[in-house]
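Two complexes, one shared chain (chain A), two partners (chain B, chain C).
Then we have the complex of A and B:
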C-alpha cells in the first residue's frame, strides 16, 4: 500500500528533490510523501465534512437549544429537549406504525429470497423477470407515492383490476388505520423488494457452481440445495438485509408522507419529527428526536449483532 | 486511535462554530423604510420574492413592473418566484440575503419582525388608510402590508343548491345540514367536499373564528379563553364539520381527494359545497369556463350563523409584503410596496378585497353587501400569542392535523367521541398557556 502511494507521489510533486537512486529521502520529501495521500483526499473529505458531518454536528448542537428554525435568537436549554421527549410517551406511540413495516419487511425478505433462489436456477425468461423485480427500486420514491395514490383511489386502479376478476369492493383502501398502514407497507414492499432481491441474487451467484453439481450428483433436491448450500452461503447478506429492514422500518418516511401526510394513524416517527420541526417550529425538540432515532437504530443494530454474530462462512 | 481523536475534536469544533453562526444577524434592527419624496430620484434594483409563481410565469408580474417603472423609471424590479415559498424563504432568512421585498412567511414570530424587516411607519398613521395594519404591528410600528384581503365563506354551486330546492342561505348550522341532506337526496352531487388529502383546505375552517359570535376581538378570545368552550366559534365550526362528515354528507373516500380535480367537479355540479373563501371564486369560475359550464353558477355564502339577524364574515389579509431590513434599496423597496398596494390594481384583478379602507367592495362580495353581511376586521393585537400557543400546544389550529383527526373521528376511523376530542384540545391549549406564562 505504502509503495503504491510513493510511486504515485512522484509525478505530482516535482519540487521534491528525491532522486530515484537515493534510498533514505530527505526530511522535506518524506513530509511531502506523507502529505500526498491527504492532498488527494482533500476534496472528498471536504465534501464529507461539509455535507455529512457538519449538518449532523449542527443538529446535535440544535438539540440542546430551543431554536425555532428561523429566529436569530436561540437559548441553550441543556438536556431539556431530551427530558421532554422521553417524558412524553405519546411521541413514541408512533413506533407501533413501524410494526406494520417490520412485518412487511419479513414478507419482503422471504419473497426476495424466494425469487432470487428461483431465478438463480436456469428458468425461462430469467433476465426479464430479474428486470421486472428490480425495476421498482429505480423509481423515485415520491413518484411511487403519487402513482399509488391513484392506485388506491376510490374507483382507482386497484378497484378496477379487482372488478375485472368480478370482485366488487367498496373499500376505502386508505380509509382506516389498519387498511391504510397495510396498503402503505405493501407499497413499501413493492418498492424495496428489488434491492433485497439483487443482493441475494448476487450472493447466491457467488456460490461456486461445482457445489450445485456435486449436490445434484448426490441426489439433493432443490430444497436441500437451498437449505445446505444457498442459505449458509448468503448468511452475511441476509443479516445485512435484516439490519437494513429494521432500521428502514423505524425510519419510514417518503411513502406515507406523500400518500397520506401521516393522517389516519399512518404517522411514523420521522413524519412526526418533520412536523415538530416545520409545523410547530420546535427545531430543537425535533433535532433531539432525530438524535434519539439515530441512537435507537444503532442500539437495535448492536443488539442484533450480539444475538446473531457475523461468522465467517466457509463453504468449500 | 490518535487520528480518530483528531477527527472527533474537529467535529466538536465544527459543531461549536456552526452553532455560533446561527447567532448572527439583527445588526440593522430597527431601520425604517421611508417613502421616497421624488419618484424620479429613486434608483436601484429590487428583488421581490413572491409565492405567485403563476403570475411570474405568465408575465403578469412583468406587466406590473413595467407599469411601476412609469412612475419610478430609475428602479429595476426583478421577481424571484418560489414554489415552496414558506420552506425556502424560512431557510434564506437565516442569512441576510432574502430579497429586498418579500412576503412575511407565516413561521416568523411577530416579535422578531423588527429584526428582519424595515418599518413602514406608525400604526396610527397607517391604519387610517389601510386594512390589516395590526397584523404586522410591533410596538406601534407597522412592518408589512397585505396587498389584498380575503373573506372566508362556502363556495357553492348555485345550480345544484337550487335544484335541491334551497334558495336562501341557511342561518344556522342545523339548517345548513338539512340543506346538505336535501342536496344529497335530490341531486347526484356530493353535498360537501373536505379536500382532506390536500390538508390546507381543512385549515381554512379556522377562519370561521369571529363569524359566529360576530366579535372583532375573536382572536383575543382564542388567546385568553377556551376556543372549544360550549358555543365558542371554533367549537361551532368543528361541530359542523364533524356533523357533515358523520352524516355521510361528505365525499366517500376523503383520503384520496385531489384539490385540482375538485375545482372542475364543483364547476360541473358534481360537488355542491366547499368551505374556502372569496379568493377561491376566481379559480372556480376559471374551472367553470374550462369545463364549459356557467361561471355565474359559482357563489359564495357566509358561515350559517347570525347575530342580531345579520351574518358576519371576517376579513383576513393575504401574505404581507415587507422590506428586508438588510436591503440597500429601502426607498425603492418602499416605493414598490406603496405602489403595489395603492395603485397596481392587484386586489381588483384577484376579485379580492382592497387593502385600502375606502375602496368599494369587489364584485364577488356584492351578494354579501346586498344581504347585509357585516364585514369584520379582527383585532390582531394577540395574533402572535395565539400562534405561539398553537405551536406550544401542538394543537395546530392553523395546521391541518387536528381537523384531519376530527374527520377521521367522524368517519369512525379513529376511536373516541367529539366531546372527548374537543375536550382534549381544550386541555392542551390550557396547558400550553400555563407553560407560556412567565
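Then we have the complex of A and C:
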C-alpha cells in the first residue's frame, strides 16, 4: 500500500510540488510587480511630502502659537494670531495694495486679448511683434526691477520721453503711495502681458481656419468674428488667466520688493509675511498670514474649477 | 480711404506703440551701460547716445566687483542639478502613475494634483524650518532640493506626454525579458525627449530667473546666483546707474540669446506649462 502509493504518487509528486513551488514564484513576482511602482515613486513622494505637505501641516500648527522661529519654547495661543491679523488694520492694509495689481491684471488681460486677436490675423512683421510682446515674460525679475527703477527715476527714461513731447515734470513717480503702486502695477503688466498674450494666441489659432473663411465669405466683420468665433474658443484659457491673475495679485513679491522694498505704502502681503517671519521673528503670526493667503488662493481656484471644468483647458 | 484701411493703420500704430513700450526701457538701460561715470555725472540724459559705443568698462566693473562670474557659476550648478533632478523625478512619477495599477494610485495622483494648487510663496515660512532642519540652509542644496521637489508642472507635462506613447511598446520590451526599470530607461525615457526638451526650457528659465528662493535660503555673498548678486548691486553701486545697467544687461543677454534661438519651443513650452 505504502509502496504503491509512493509509486503512484511518484509521477504525481514532481508535478505536485511544481504547483506549490511555482506558485510562490508568481507570488514573489506579483509582490515585486506590486512594489515596482513604489520604487519609482519613493523619491518623488518623499520630496512631495517633505517640501509641500509637511510645510503646510507645520504652518497650520505654527499659526496657533507664538513661536519666534528660533527658540525651543513656544506657547499655544489659540486663534490669537488670526484675530491679530484681522484687527490690526496695518496688517490688513496690504490687501488694498493687491487691488492695484488686480486692476492692472484687468488691463493686462484686455490688452493681451487685443494683441492676440490682432496678431492672429495676417499682419506684417507678425513674428517680430509676437516676440517683442512675449520677451519681457522671460526676463529676470531683478533686472526688470532695475530697468524700471531707472525708468521712473528723476530725469530717467519716463521723464526724458515726456520731455520730448514738451511735458516737463518733476513728479516723483515712486514718491506717493498711489503713484508708486500704480507704477509698480504697470511694471507688472509690462512683465506678465506676454504669457497671457501667448496663451490667448495659442487658443485662437487652435480654432480651425475654415471657420474664419466661412465667416469672411458670409460677410462677417472682424468684430463679429471676434464675438462669435474667437470669444467662445478662448473661454477656458480666459478663465485660467483670470485665476492666475487673482492669485498672482495676492502673492506679488518680486517687483515691489526689488524696486521699493515695500516703502511708501507698496508693501504687499508676501513682503509683509516675509518681513514678519524673517526680520521680526514672528513665525506664528507670519504662518497665520500665510494660511489666510493659502485659503484665499484655494478658494479662488475652487470657484474657477466650478465655473469651468478643467479638462476643457487643452491647447496642445 | 475706406474704413478698413483706417482700422488697419490704427492696428499697426497700436502694435508699433506696444513694441516701443517694451523696447524703450530696455534700450535705455543698454545705452546707459555704455556710458562712462563722467558722462553720467555731467547729466547725460536717458535718451542720449553714449560718447563711446564700445566702452565696456562698466561690464568689467560689474564682472569684477559685482561678482557676476561666481554668480553665473552658482546659477549653472543649480540649474544643471535642478533640471536634471526634475526630469528624473517627473518622468519616474509619470511612468509609475500611467503604466502601473496599484493600490492607493488614486490617492497618489490626488496628492500631486492638490500640491499644484498650493502657491510656493505662501508656504516658505514653514518650508524654511524644514530646509534649516536638514542643514541645507545657506548651501546650494536648498534651492536644488526645492526646485526639484516642488515642481508639479513638469510632472504634468510628462504625464500628458507619456499617455501618447503606446503601451504596446512596453509590452514588446517586456516580452523580450526587460524589467520595469529597463523599460523605463530604454523605452520610455528616449521617447519622452520632446517632453524633456520642454521641461529643460521652461524649468531652466524659471530657475535662472528665480529670486525668492536663493534670496531666502542663500544669504552668503559667495553663494550669490545671478538674481541675488544683481540685487546686491543696489548697495555698493547705489547711484552708479552705468554699472547697475551693465549688470542688468549681463543678466538679460543669455535670456535674449536663448529666446532668439528657441522661440518656437518657448511659446509651446510656456503654454503647456501654464495650462497643465
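Rule of thumb we're sticking to: the second predicted complex is superposed on the first by the 272 of 316 C-alpha atoms of A that agree within 3 Å, B and C clash if a C-alpha of one lies under 4 Å from a C-alpha of the other, contacts with A are read in each partner's own complex, and residues count from 1 in each chain.
In this text, contacts are C-beta pairs under 8 Å (C-beta built on N, C-alpha and C of every residue); 3 or more make two chains touch, one makes a residue touch a chain.
Because the structure is a prediction, the values reported are computed rather than measured.
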A:154 touches, of chain B and chain C: first, second, both or neither? first
Which superposed partner A:249 touches (first chain B, second chain C, both, neither): neither
First, second, both or neither for A:52, with chain B first and chain C second: second
Chain B versus chain C as contact partner of A:40, first or second or both or neither: second
Which of chain B and chain C A:62 touches, first, second, both or neither: both
Which superposed partner A:142 touches (first chain B, second chain C, both, neither): second
Partner chain(s) touched by A:120 [first = chain B, second = chain C, both, neither]: neither
Which of chain B and chain C A:273 touches, first, second, both or neither: second
Partner contacting more residues of chain A (chain B vs chain C): C
Touched partner set for A:105, first chain B, second chain C, both or neither: neither
Touching both chain B and chain C, residues of chain A: 53-54, 58, 62, 69, 153, 156, 278
Parts of chain A lying in touch with chain B, wherever the complex brings them together: 49, 53-54, 57-58, 60-62, 65, 67-74, 149, 152-154, 156, 172, 174-177, 180, 260-265, 275-276, 278-282
Residues of chain B defined as touching chain A within the complex: 10-12, 14-16, 18-19, 22-26, 87, 90, 93-94, 105, 107-109, 112, 115, 196-197, 199, 252-253, 255-256, 390-392, 394, 396, 399-401, 404-405, 408, 411, 413-414
Chain A contact footprint on chain C (complex, rising order): 7, 11-12, 14-15, 18-19, 21-26, 28-29, 32, 43, 45-47, 88-90, 92-93, 95-97, 99-100, 102-103, 105, 108, 111-112, 115, 117-119, 121-130, 145-146, 148-150, 155, 160, 180, 184, 205, 208-209, 211-212, 216, 226-228, 230-231, 233, 241, 244-245, 247-248, 251-252, 255-256, 258-259, 263, 266-268, 270-272, 274-276
Chain A residues touching chain C - in the complex, by the definition given at the top: 33-34, 36-41, 43-45, 47-48, 50-56, 58-59, 62, 69, 111, 114-115, 118-119, 123-125, 127-143, 146-148, 150-151, 153, 155-157, 159-161, 163-164, 190, 195, 198-199, 202, 222, 237, 240, 244, 247, 251, 253-254, 258, 270, 273-274, 277-278, 283, 286-287, 290, 293-294, 297-298, 301, 313-316
